[in-house]
Amino acid sequence: MITSANTKTWQFRTSKQYMLRWTGWFWLVALTVFCWNLMTEDTIWAFVADAPRQASDIGSRMLPPRWGYLNQLWQPLWDTLNIATLGTLIGVIIAIPVAFLAAGNTTPSRHFVRPLALLIIVTSRSINSLIWALLLVAIIGPGLLAGIVAIGLRSIGFIAKLLYEAIEEIDVSQVEAMRATGASGTQVIDYAIIPQILPAFWGISVFRWDINIRESTILGLVGAGGLGLQLQSSLSTLAWNQVTVIFLVILATVVVSEWVSAKVRRAVL
Amino acid sequence: MTGAIPSLRTWKRPPLILKDPRWRWTILLGGAIYLVLAISSVEVNWFRVYEGLERGWKFIQGFLSPDFSSRWRDIQAGLIESLTMTLTSTVAGVLISVPIGLGAARNLAPLPVYTICRSIITLSRSFQEIIIAILLVAMFGFGPFAGFLTLTFASIGFLSKLLAEDIEDCDSAQIEAIRATGADWWQVVNYAVQSQVMPRLIGLSLYRLDINFRESSVIGIVGAGGVGATLNTAIDRYEYDSAGAILIIIIAIVLVVEYSSSYIRRWVQ
Amino acid sequence: MLELKALSKTYSTGDRALTDISFSVPAGQVVGLIGPSGAGKSSLIRCINRLVEPSSGSIYLGDTELTKLSGRALRQARRRIGMIFQEYALVERLTVMENVLSGRLGYVSGWRSFLRRYPQTDIDQAFSLLDRVGLGDHYNKRADELSGGQRQRVGIARALEQNPELLLADEPTASLDPKTSRQIMRLIQGVCRERNLPAIINIHDVVLAQNFADRIIGLRAGQVVFDGPPSALSHEALTRIYGAEDWDQVQQSSEPQNDEFMFSSAKVLELT
């Protein structure tokens, strides 16, 4: 050891930083272990150990796929597309005013209207579309309408949030220039704000449409129409070879919608 | 100025995206036809909807005067499952995503590793959480363990993809500089990549924590544990005041997680 | 024409931007407003068309007291004042023509502006203004396709499309190269002469101000410390405005230039 008073020792972090870091990590690990124990309290490990056998059993039943079932899927597929598209449309139409009310620079009142709009956004975003569908099926009955409204309600928060963030990021000098010409409030929105947020708007809408296609494939599980309905009935009759076909159709739909949305987004930006 | 300018020049706004009028009309017409077809394919039982309005009103009342007490034991059990699932699956997801993310970054991994990691990501991202949950519940039995596996699986795709993109966006000059000192692969990752990516990784993990909680409240519907099962029962029994209580708790927790994670993210960066 | 009386502005943060400013501008006079950064030039310009609310004092444009207006009356007063901005402040994603026509927003109804159906007289005027600023052929280009100098020409055309009684310009040349700066200043000076239009040009380049303004007002820390013809702008006056500096060196660097020639050749280039 050659520690004299003159040699400078170099330390990666100060000891206080070290302590802080280590306590942080320690608590994270401790909490995780605690949660793990709590969660697996009631887990029957025999079932878990049995899982590979179950998996191979299900696998053998899933293959070969029952391709003839495909003919019964075209109608549900069309329904699924409609749920996603019409739902997105409803979401967009309601989200636009909500976004303008929620954006700090366009809201008519910061203390009353803005919190209300933010509350709408949070409520819509926190609740998964499947839960919305669950509620709506209970309220207005099973069918496409429940699915469309569920997708619409979920989309409002998503679109409005991203849109109001875009509105808050616009270049203010363009707004100022329009105000200087004597333009009215709506004219300022029309000439200075909309041109700036239009690309973001299209991008967000198509992105949400893409997500909605994925989500609408499963809404049928709770009775809201589309492919999920077939999935539900196939699962309840343990017709795993039909389930395979449904999974493949869903996969194909998702891939196509992702491709379309990427294409459209590139075109508008 | 030349004098030959005609005194009457008309001006019309040029079209924004599609320059060719034929394309514009085809797309407009196609869109209109689609809308008509889609809307007409939605069969609405207006009588049922009318009946449902009353139930909808009851639900809103239930939401406004939630009943936390009568089903509190169920709610509590569901919440504990959801929360423990959320944390453990996020931690497990991060632990597995880091190596896969490194392997899926083209600037660090050799081609065979890259291909394998990318296909794992694609597999994980193609399916909805719900669909994965259905399969895993069939294999591992009901309960939060299947939910934990579902969320972990879904987190892997999400986190590895974004992590890999971040690594690929890294400043290549820093990587080159560290490589130039004669560092081996681990040292390059440790010095050049980790320092650039770490804040983003923490941000992404927190974001995924948020998403995992939201999903954990849904996958219970197909038997994978969590508060979703409780909610499903409450709605099935038309106990709207209990359902309202659960929804309010979900919204509150989402808000808390979102705000604290944005706080932590700011603190880390 | 324009009269400011005891104008003051204090921001809500407590920063005192303007103190007791009074002067008047007759028709056709081009005023160069100079002063160091943070002297309140930009606040002063924006107080006149009320993009910034003055704290006290009054502003008259003709017989109208601008400081008393609100709502519709304020918008109708604003359309009498054209404004040119530092970073052009064009709506980047709209066409040049829409940007110029936006100068008529205070005049046309909401649905006309929404459908872009402007009266033919407005469109004729827009075309002739675009010809005047040398951009006759660019009317259907998007604003973000233009160069800096071209954008500022569109900005000028937009301000003139208002048929203003007063022109305000906030650092119109700050983001342009020296040659383009002179062209733009010459253009502003020219249109003011043609229309007998008074203008207040907020500018930080003293030499440009001296060359193109009829009168110089110097601001320092929110107060008028110089007001007179460009020829009266002595070293002593500059020191009063900006603080001590070797003014001989600064002014020498930009002595006679044949910018008349530069302007015409640039125009030829643009037309070919």
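All chains are identified by letter, namely A, B and C, in their written order; residue positions are counted from 1 within each chain.
We take it that a residue touches a chain if its C-beta (ideal position, glycine included) is under 8 Å from a C-beta of that chain, and two chains touch if they have at least 3 such contacts.
Worth saying up front: this structure is predicted, and the values here are computed from it rather than measured.
A.B. asks: Check A-C against A-B and say which one is joined by more contacting C-beta pairs.
C.D. replies: It is A-B, judged by the count of C-beta pairs in contact.
A.B. asks: Going by average Cα coordinates, which chain is farthest removed from subunit A?
C.D. replies: Comparing chain centres, C lies farthest from subunit A.
A.B. asks: Determine the centre-to-centre distance between subunit A and subunit C, using the mean Cα coordinates as centres, and give it in whole Å.
C.D. replies: 48
A.B. asks: Distance between subunit A and subunit B based on Cα centroids, please, to the nearest Å.
C.D. replies: 5
A.B. asks: Subunit C: which residues touch two or more other chains?
C.D. replies: Residue numbers touching two or more other chains: 98.
A.B. asks: Given the complex with subunit A, which residues does subunit B contribute to the contact?
C.D. replies: Going through subunit B, the ones touching subunit A are 17, 34, 38-39, 41-45, 48-49, 51-52, 55-56, 59, 80-81, 83-85, 87-88, 91, 126-128, 130-131, 134-135, 138-141, 143-145, 148, 214-215, 217-218, 221-222, 228, 231-232, 235-236, 238, 243, 247, 250-251, 254-255.
A.B. asks: Enumerate the contact residues on subunit C facing subunit B in the complex.
C.D. replies: Where subunit C meets subunit B, its residues are 95, 97-98, 116, 118, 120, 123-124, 126-128, 131-132, 136, 139-140.
A.B. asks: Spell out the residues on subunit B that touch subunit C in their complex, using ranges where they run on.
C.D. replies: Interface residues on subunit B, with respect to subunit C: 1-2, 5, 7-14.
A.B. asks: Contact residues on subunit A for subunit B in the complex?
C.D. replies: 28, 31-32, 35-36, 38-40, 42-44, 47-48, 51, 54-55, 58, 78-79, 81-82, 85-86, 122-123, 125-128, 130-131, 134-135, 138-141, 143-145, 148, 214-215, 217-218, 221-222, 231, 235, 247, 250-251, 254-255, 267-268
A.B. asks: Which residues of subunit C touch subunit A once you look at their complex with the stated criterion?
C.D. replies: 49, 51, 75-83, 85, 87, 89-94, 98, 102-107, 110, 113-114, 155, 158, 162, 168
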